[in-house]
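Each of the two complexes below includes subunit A, the first together with subunit B, the second together with subunit C.
Right, the complex of A and B next:
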C-alpha cells in the first residue's frame, strides 16, 4: 500500500458514505486526516462536505486549514475566487450568502492574507481592484500601503483602455470607493497636487455621471468586455449601467452631494483659506469670491497660492448650477429625467412691447442696430457697452408653467457669476481652460446650451449665433448617436432643433437682421401645429405693461411648444414688419402684413391698427391682394368697409387678387367698375362669414403660403 | 457520643435523623474551619450515628432500630435536600455528603444506596443542583459497581417506569453538566449490550447524543476538572465516558441482530426506527472522535501530551478482545457489513485516539492486540500506520516527537516546500490554535503534520508548485 493509495481509499470510502451516512463519512475523514495530515484531498473532502451542506462555521474552519496548509493548490484558489466573487457581488443568491458567511468566520489576518493572495492571482484590473477594495474596506490600515497604488492603477487602466467617457467602471471604483478610503484615512499624507488631481478626476466623473445622455450606456456597450461580473439583468434596455459593473454598483446616489463632501475633505487636507466645509455650492462660491476680493490682484504670490482653490471651487459651482439650469430648460438631455414632465424651454427676446407705439420703439431699435453694427465691425466680443447692458437684464418666466422658476433663474445667475469670476483674472482663466480641455467640455452639448443662453443674456448676439451653430453641430452628433441606438423618437428632437432655430431668429432680430430673423422664423413655423385659439391667448404676464426702463432689454423663457412658440413667431414678424410699414415711404405690402399679424391677440394691437388705418387714409389708397385670404377680424373688416364709403374718405382699396389690373383694364367701360364694386361687396360678405375660423390656422397658413413674399419684402 | 445516642433514641425517627444531620453539620463544619484541611476520615462514632439514625442499621443486634414510614422517609429526603440547598459552603456540603453516602463496606451500604438512589432521583426531578454536584463527585470516587447501581436506579426511574420522564433528565444537563458527565460514564458501564435489558434504551441514547452534540466538551468535563496527576481510586469509573461510548458505538452494530429480533417479537420498532438508531450511533461515534481531537488541544495546552493516558491500554485491550470474541461468535448470525462497521469504528477510534494522545500504545502492540480480529481494510491500515518513506525511526505513538521529514528529503520538486514554514514545529504546535480560538475542536491535527506525504506518492501535487501557477479566475 502506498500513501497515495491509502489516501485515495480513505477519501473514496468517505465519499461513498456521504449520501447515506454523513456522520460516518466525517468519521472516516477525521481518521484519514490523523493518518495523513499533509494530504490535501482528505482535507478538501472534509471542506467539501461542510460546504455542500452549507455549514458556515465548520466550512470556514476547514477552509482556514487548507488555506494555511495548501496555499498553492489550484482547487483552493478556485474556492477562494468563488468566495471573493461572492464578496464583490451584491448577489442575494443563497450560496453566495453562504460563501460570504464562510469568509466572515475566518480570522481577520487570514481574510487579509486571502484577499491579498487572491489579488495577486488576479489578472483583470477591475477584478483585482475590487478584490483590493474588499481588503482596504475591511482593513483600514492597509489603505496606507495599497490605497494610492490601487487608485493609480485604476486611472492607468482607464487611460490604457482608452475609454471615451469618464463614466466607466475604473473611474467609478476610483471615485466612489477608493478615493473616500484614501481621503478619509488619517494616516495618509498626500501631496497637494495629487489631491487636486484626484478632486478633478472625481468632479469630472460626477459631472459626467449626472449629465450622461439617455443613451450613454448604449455607446459604451461593447467598447470593453469585463466579463463575469455583470449581473444577468444587464440587457439592451437597461440604462444607467456602467459597463463592467452590476446594475446596483452602477448607481451613484446624490452625486452632487458626494462631490461637495469631497471638496470639503480635500479643502481641509489642503488647508484652504476661509474654507470651513461648505454646505452648499452657493456657499462655496461665496467663500471663494470673498477670497478673491480679499486678495488684491497685485498680490501675485497670494493669488497663485489660492489659484487652484478658487478655480476648483468655481468650476464646480459653475457646472453644478449650469447643470441645474439646463436640466430645467432641456430635461430630456439627461438620463433619469422623464421627458414627459416638461419639454424644452427657450430663452428669447421679450416682445411683449411689440404692440406699443412705434415711435419709441423705432428710435430704440435704431440705436440697437447701430450698436450691433458697430460690434460687427470691431469684432469685439467683450464690448463694454454690451456687457453693461447685459447686467441686470430681466428674464420673464411664466410662473405657472415652470414651477421651479425661481431656482432655475437662481442657478442661471450663480453659474454666470462663477463664469465671470473664473474670467476675472488671466491666471484663473488659464487654470480653468486647462480643466475644460482635460474634460473636453467643448463636447458637452448641455454646457453649450448654458453658454449660449449666457451669451444671449450678456447681449452678445453675434457670438451667440456662432455658439448656436456649434450647438447644432453637437446636437447633430448626438442625434446620430441616438439614431444608431434608436432610443429616441423623432418628435422631441425636432422640437429641440426648433429651439435652436428660434433662438437664432431671436438673435438675428436683436441684431436688426430682420430678413434673416424671418427666414429662421418661418423655417421653424413650418414645423409648428396651430392650436385652438382659446388656449393661445397670451398670458397676463405677457400683457402686463413693462416699466419703461426695462423695455426692449428683457428676455423671456418660453416653453418650446407650438402653443407658446407660434405667438412668439407672430410677434417677432410683427416687430420686423412694423418698422417698415410705418416709415415715411409707402410700403403697402409691409403694412398689409402688419394688419394681418395684428389680428393675433386682438385687441392688443388696436392702436397700431388705427395707426395703419390713418396711414391708409393719408395715402388715399391701399393695395394688398392677400387681404381677403388672411383678414377675418370683424373689426378690421368693418373698418375697411367703412374706408370705402364717402364718410370713410372714399379710399381706393385694391384688396382682391388681380383687382388692380382689372380696374386699369376696364376704366373705359362704366359697367365694369360696377362689377368690381360688386366683387368687393361679395368678398366682404363672404369674409364676415369666415369670422369664426381658427385665427391661428389662418395665420399659420399665412406664414407658410406667403413665406417667400414675406422674406422678400424685408431688406 | 453515647449521650447523644441516648438522647436520639428517645426521639421519633424523623427528628432523630434531623438531629444527626444537625450534629454532623456542627462537628464537621467546625472541624473543617479549625484544621488546615478536611478531616481525613470520619470518627467511627459519627459513622455509627449516621448508620443507626439515618439508615436505621444498628451495629447492636439487640436493638431493633425504629423504621421510618414511607412518609417519614420522604420527609427525611426533603430535609436532606433542603439542607444541601441551604448550606452555602461547597466544602461542607461535600464532607457531609460523603459522611452520609460514602460506602463503608458494611451492611448499612445497601440502605445507603437505596437512600442515595431516591435522593438523586428526587434531586433530578426538582433540580437540586448542589446535590447533583455532590453526586457527581460521589460517582467519581466510588467503585464502579456502586455507580452502575445508582445509574440503574435512575434509569429505572426516568427511562423504564415513566417513559416521558426522560425529558426531566434531559434538562438537567444545563443545570449540572458535571453530574451528567459522570452519569454518562456510569450508564455506559451499565449497558454493555450483553442482553436485551442491557442494551441502551433508545430514549437514553437519543438524550445522550443530544447532550453531546450540543456541547461535546461535556465528555471532558470531569477530566478537565480533575488534578492531572491524581490517580483514581481503584475500581472507579473511567475518568471520561469516552471509552464507554466507544464501546457502545463499536458493539452496537454487533447487537443489530438482537434489536431486529426483539423488534419483530414486540411488533413495534420497524426498520425505520432501526436506521434512526444506526444514525444516532454514527453521530455518537463522530462526536467521540471529535472529542478526541479536543482532548489533544487540552493535553497540549497543559503540556501533558503523550504523558498522560486517557484511555487505559488495558481497557482498550479488553474491548478489542471482547469485539474479537463477539465477532467470532456472531459471524454466522450477522451480516458481514455489521461486523465491518464495528471494525471500522474500532479502527477509527484507535487511530484517532492514538494520534491525539488519548491512547498511548505503539502500533506493534496494537497489532498484537488486534491479531485475533477479522480482516478489515481500515484496521489493517491503522495497524501498519501511515506509509512513510523513509520509515520513521521514532515510535509512532509520539506524534509530536516526529522529526520533520521534508528538510532531509533530497527532492527539489517537493510540492510542499512553499508552505513548509506554515507547518508548526513540534515544540510550538499551537500557533494555529491561538489564531483561531473558536475552533479548538478541529485544530489538533496540526501538530501531527509530521506524518508527511511523499513526493513520489502524490504526483498530482507536483505540477502546481513547480510550474508557474496556472490559476486564473473562472469566468
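Right, the complex of A and C next:
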C-alpha cells in the first residue's frame, strides 16, 4: 500500500512537471523506475511522454521494454492495435506516420513477434487475414509457414459466408495480396493440383471483377468498425465497392495483365511445356495451339499430362477476348463503360446483296446449306486446322462508327479459336465444362452474348435461337435487378432489349423461316423511333462497288440505334418478300410490299424495281391498294404513270382503295368506264406532292400499320 | 441562231416546291416562269430569233414549230400537260429531227433543255442511255452529238446540292460533253423559288441571248446598229497561244469595191445589220413588228420621217452594185452588202472574213488597197467599163460567173441578178436558170 502510493505520487509529480520542466519530469520518472522496476504505470507514463512529444526513437525503445515486460496489459495491445492499423492503412495522417516510425525502430524479431501476437488477438477473419498479410509482406520467410494456411482460411471464410459473387473481400485479399506472395516465394513447394486450384480461383475473381455490372448506388454494408475504415458514409460513389473493403482497396489495377503474369508464374512452377512467359493472350493461345497440335500427333499420354495446361490457358484466352468483344458490342453491361458515348452493337446477316437478282439469291442459299454441312463436318474432325475455320466468313463493320473495330474483330476471332480448341478433344471439353460449372458461367449474360454471336458466326442458327432464348431470360433477371437504373437509361435499355429480337429475326431469315423473321423484325421496328430528318447519303457510299460474292455469307456488326436498325429491318423484309414476289406464281401483295420497301436506299433498288415492272407488264394488271399510302418515290410514280399509257403496255392498275366500287359507279353503257382514268390521274398528282415526305417515317408507318398483312403474306 | 426549247413534262416536274407565302408552286410553274421571262426578252430584244417548243416525257411532241411569234409560244407554254416517265433520249432524237427538217445540217442551233434533274430509270432514261452509248450499232445511235453545230444549255429546276445527291449532275455533264462540250448547266441557287429561277434564266439570257449593238461609221456619218445573230468569238488554230478575237462594237467602213471584184469569198458567218432608230423622245424603237406589211409600212414611215445612214448605205450599195469593206478589228475585215429576200425587199448584210491581213488573195493586202483615182492610169478604163479583178479565163466556166447568192442554205434554188452590172451582162447573153 505504501509502495503503490509512492508510485502514484511520483507519476503525478512527473506529470505536473511536463509543461514546465520536461527534463525535471524525466528525472523524476527515471528515479521512479529505478526505485520500482516492476511498476507498469511508471514505464507507460514514460512512453506516453515520449509519444506525445513525437520522439520516434525514444518511444520505440520504451515500447519495446513495455512489450517485453508487460505483454498482458490491455493498454499495450490498444497501442499495438493503433500501430498495426496505421501500418495496414495507407493514411497520410501525421499521427499514423509517427506510429509507423515507432514501429520501424523496433528490431525485426520484435516486429515479427508483435505482429504475430496481434494476429492472435483478432477475432474477425478479414482483420486477422490483413494482419497476417502484414506479417507475410514484411517477413517473407514466414510465408512458408503461414501462407497456405492464410489462403485456405480466406477461401474457407468465403465458403462459410456463402457469398454470391467471387468479387468479395476474402477472394480479393487472397488473389491480389496472398497469392502473389505464395507463388513468388522460391521456398514454397506446392502440389500441381493446388496451383491449378489457386489459378482458377484467381481467374474467376479477375474475370468476375472486370465483368461487374454497373451500379449507381454502392450498397456497402458498414459492419466493419475497426478504426473507422469502413464507415457507411465513405462507401458511396460511382464505382462499386467490394463489401468489407474501402474504396481504395476495392480497386484492382490492370486485372488482365496481372492474370497473365500469374499464368506465367504458375506455368513455370508447373513445368509447362513450351512455356516461356507469354507477353499477350494471343501469344498464349498460339503456344497452346502449337502444343496441342504437337501432342495430338505424338501420344495420348503426353496429351493427358498437358490437358490441364491447355484448358487453363485456353480458358483464360477465351474469356479475355470474349470480354473485350462484348465490352465493345455491349458496353453498358460493364462497369466503367457506362460513361462512354458508344451504344451497343449487334451481329447480323449482311444484306448487301438484297438488291441483287433472285437467281443469285437462290445460289446463295444453296451455297450456304453446303457450307453449313461442310462446317459441321469440319468441326468434328481433329485433323482440320482450327485456325482456318475463322476464314470462312467476313464481318463488315462501319469503320467510322466503331473506332476500335480491328481490335474488336481480332478479339472475336481469337475467342472463337480458343473455343474451338477447347472443344477439339473430349478430355479438353470435359475439363472446360468443369471449370464453367464451377464458375457458373451459365449465369454470365455477357458470355451468353458472346456465345450467341459465335454460334451465329458458325452458321448454326437453330442453336443460336436457343441461345437467344437463354439470353432473354438472363436479361430479364438483370433488368429486375436494375429496375432503378432503367429510368436513367430508358432509351438505350429499350434498344438493348430489342437487340436479341433483331438477332432472332436475322437467324430466322438465315434458316429460311421468313414468316418468323418478319414477325420478329416487326416487333423490333415497333420499338424504334424513326429519325426526324432523313439522312442524306454521300454519293461515294451510294456508288460503292459491291464486293464480289464470297464463299460464305458475310456478317455485319451494326450499331444498335434506330438509325441503323431500321434500315436493316427494311432490307430484311425486302429479302423475305423478294423470294416470294419474283416466283412464277402471281402474288401482287408481295410484289407491292417489295415495291414499297425498295424505296429505301434508292436508287440501289432500281434494277429490282424494273424487274417488278417487267413482271407487272407480263401480268397485264396489278392490284395493290396500299400503293398511294406508302409509295412516294418519284421515279416509281413516273414509271407507274407510264404503265397505263399505250406505249407503256396499257396495264390495268388497281391501286386506289375501293376501286371496284368506283368502277361500278363510273360505268355508263357497254361497260365503258368513265372517270377511272381521271381518278388515277388526280391520285397520281396528289401523290407527287408527297415526294418530299420523310421516307423513313413513311416506311416506319408501313411496318406499324400493315404488320398483320405483312406477316400473313409470308408462308 | 435558232433555238429549240426542250421542256420536261414528266410527272416529276409536278413536284411541289415550298415557297414562302400561301400560293403553292410546282417545279413546272417555276420552269414556265423562267421560260416566260426568256420569251419576253426575245420578243423585246431578240425578235429575229426563231424558236420552237418541244415537250417530252416518255414521248416527245413538237408543240410549236419554229416561229417568231412569241404569243404562240407563250400560249403553248401555258397549256402544257403532265405525262409520265422521263425519256430524254427520244426527246433529243426529236430535237435532231425537228432542226434538220427546218434548217438542215449546217445551221447552228441552240438547244435549251428545261428539266428538274430527275432523269428517270430504265430504258429510255438518260442513265440507261449513257451506260449503253458505246455498245450501240449504227442503226440505234445516240442522238448526240447533234449532226448540226449546236450549243446545249440545261436549265435545272433544282439546286446543285440536290443534283449532286444523285448522279443527275454527272449524267447531264456527260450529255454536254457528248455534244462537243459546247453549252452549260445552270442550277438554281439556294431554295427553289421565283427569284432564283429568274436569276438562273437571267444568266442564260446574258450568256446566249443578249443583242450585239455596234456603231457603223463612214467618215463623219454614223449609225447605231444591231448585228444579228451575235458575232461569235473566233479562235485561230494556227496560233501558238490562241486568244479569242471579238468583233469590235465600232464598225468602220474602210472602202468600197465592185461586187464583181469581190466575187464569192469564203466567210465565217453572215449577219443582218439593222439600224436602231431613235425618235424625238429618245426611246429606242425596233424596226417593226413581225408582220411584213406593217413592218414595211413602219419602215417606210420611219425612213421617210428621219434620215438614217443605214438606209443611205443600203440603197447606195444596192444601186451601185458594190460592197463596203468594213474593219472588224485589228487585221480583221468583213463586207457589207445588200441581199434580196424577194423582189421588193432586201436586207443589209454583213459577212465576216477570216482574220488576217490578206483574207482575199486575189485582192492582195487589204492595207495596200487605195482609191482608184490615186493610180497613174485608171485600172477600170476611161469609161469605168473594165475591171482588173480577177483575171478572166479564156473559156466560159460556171464558176467564173459573177457572184452567186443562195437564197436558202438548205437547198439550191433559183438565183437572180439585180445589179446594174448583171443587167448589162444579161443584155449580151440569153438568160439562164441554174439548179
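In this section, the second predicted complex is superposed on the first by the 613 of 715 C-alpha atoms of A that agree within 3 Å, B and C clash if a C-alpha of one lies under 4 Å from a C-alpha of the other, contacts with A are read in each partner's own complex, and residues count from 1 in each chain.
As a working rule, a residue touches a chain if its C-beta (ideal position, glycine included) is under 8 Å from a C-beta of that chain, and two chains touch if they have at least 3 such contacts.
In this text, all values refer to a predicted model and were calculated from it rather than measured experimentally.
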If we overlay the two complexes on their shared chain A, which of subunit B and subunit C does A:36 touch? Say first, second, both or neither.
first
Please tell me which partner, subunit B or subunit C, touches more residues of subunit A.
B
Going by the contact rule set out at the top, does A:642 touch subunit B (first), subunit C (second), both, or neither?
second
For A:73, select first, second, both or neither according to whether it touches subunit B, subunit C, the two together, or no partner.
first
Based on the superposed arrangement, let me know which partner A:620 touches: subunit B (first), subunit C (second), both, or neither?
neither
Touching A:526 in the superposition: subunit B (first), subunit C (second), both, neither?
neither
I'd like to know which partner A:26 touches here: subunit B for first, subunit C for second, both or neither.
first
I'd like to know which partner A:64 touches here: subunit B for first, subunit C for second, both or neither.
first
Once the two structures are fitted together, what part of subunit A is touched by subunit B and by subunit C alike?
none
Could you list, by residue number, the parts of subunit B that touch subunit A in their complex?
278-279, 282-283, 285-286, 289-290, 293, 344-345, 347-348, 351-352, 354-356, 377-378, 381-382, 384-388, 415-416, 418-419, 422-423, 432, 435-436, 438-439, 442, 445-446, 448-454, 457-459, 461, 464-465, 469-475
Can you list the subunit C residues touching subunit A in their complex?
10-12, 14-16, 18, 58-59, 82-86, 118, 120-122, 164-167
Residues of subunit A touching subunit B in their complex?
1-7, 9-10, 13, 21, 23-24, 26-28, 30-31, 33-40, 57-58, 61-62, 64-65, 68-74, 77-78, 81-82, 85, 107, 109-110, 121-124, 127, 227-228
Using the touch rule from the top, collect the residues of subunit A that touch subunit C in their complex.
536, 539, 543, 603, 606, 609-610, 613, 634-635, 637-639, 641-642, 644-645, 647-648, 684-685, 688-689, 691-692
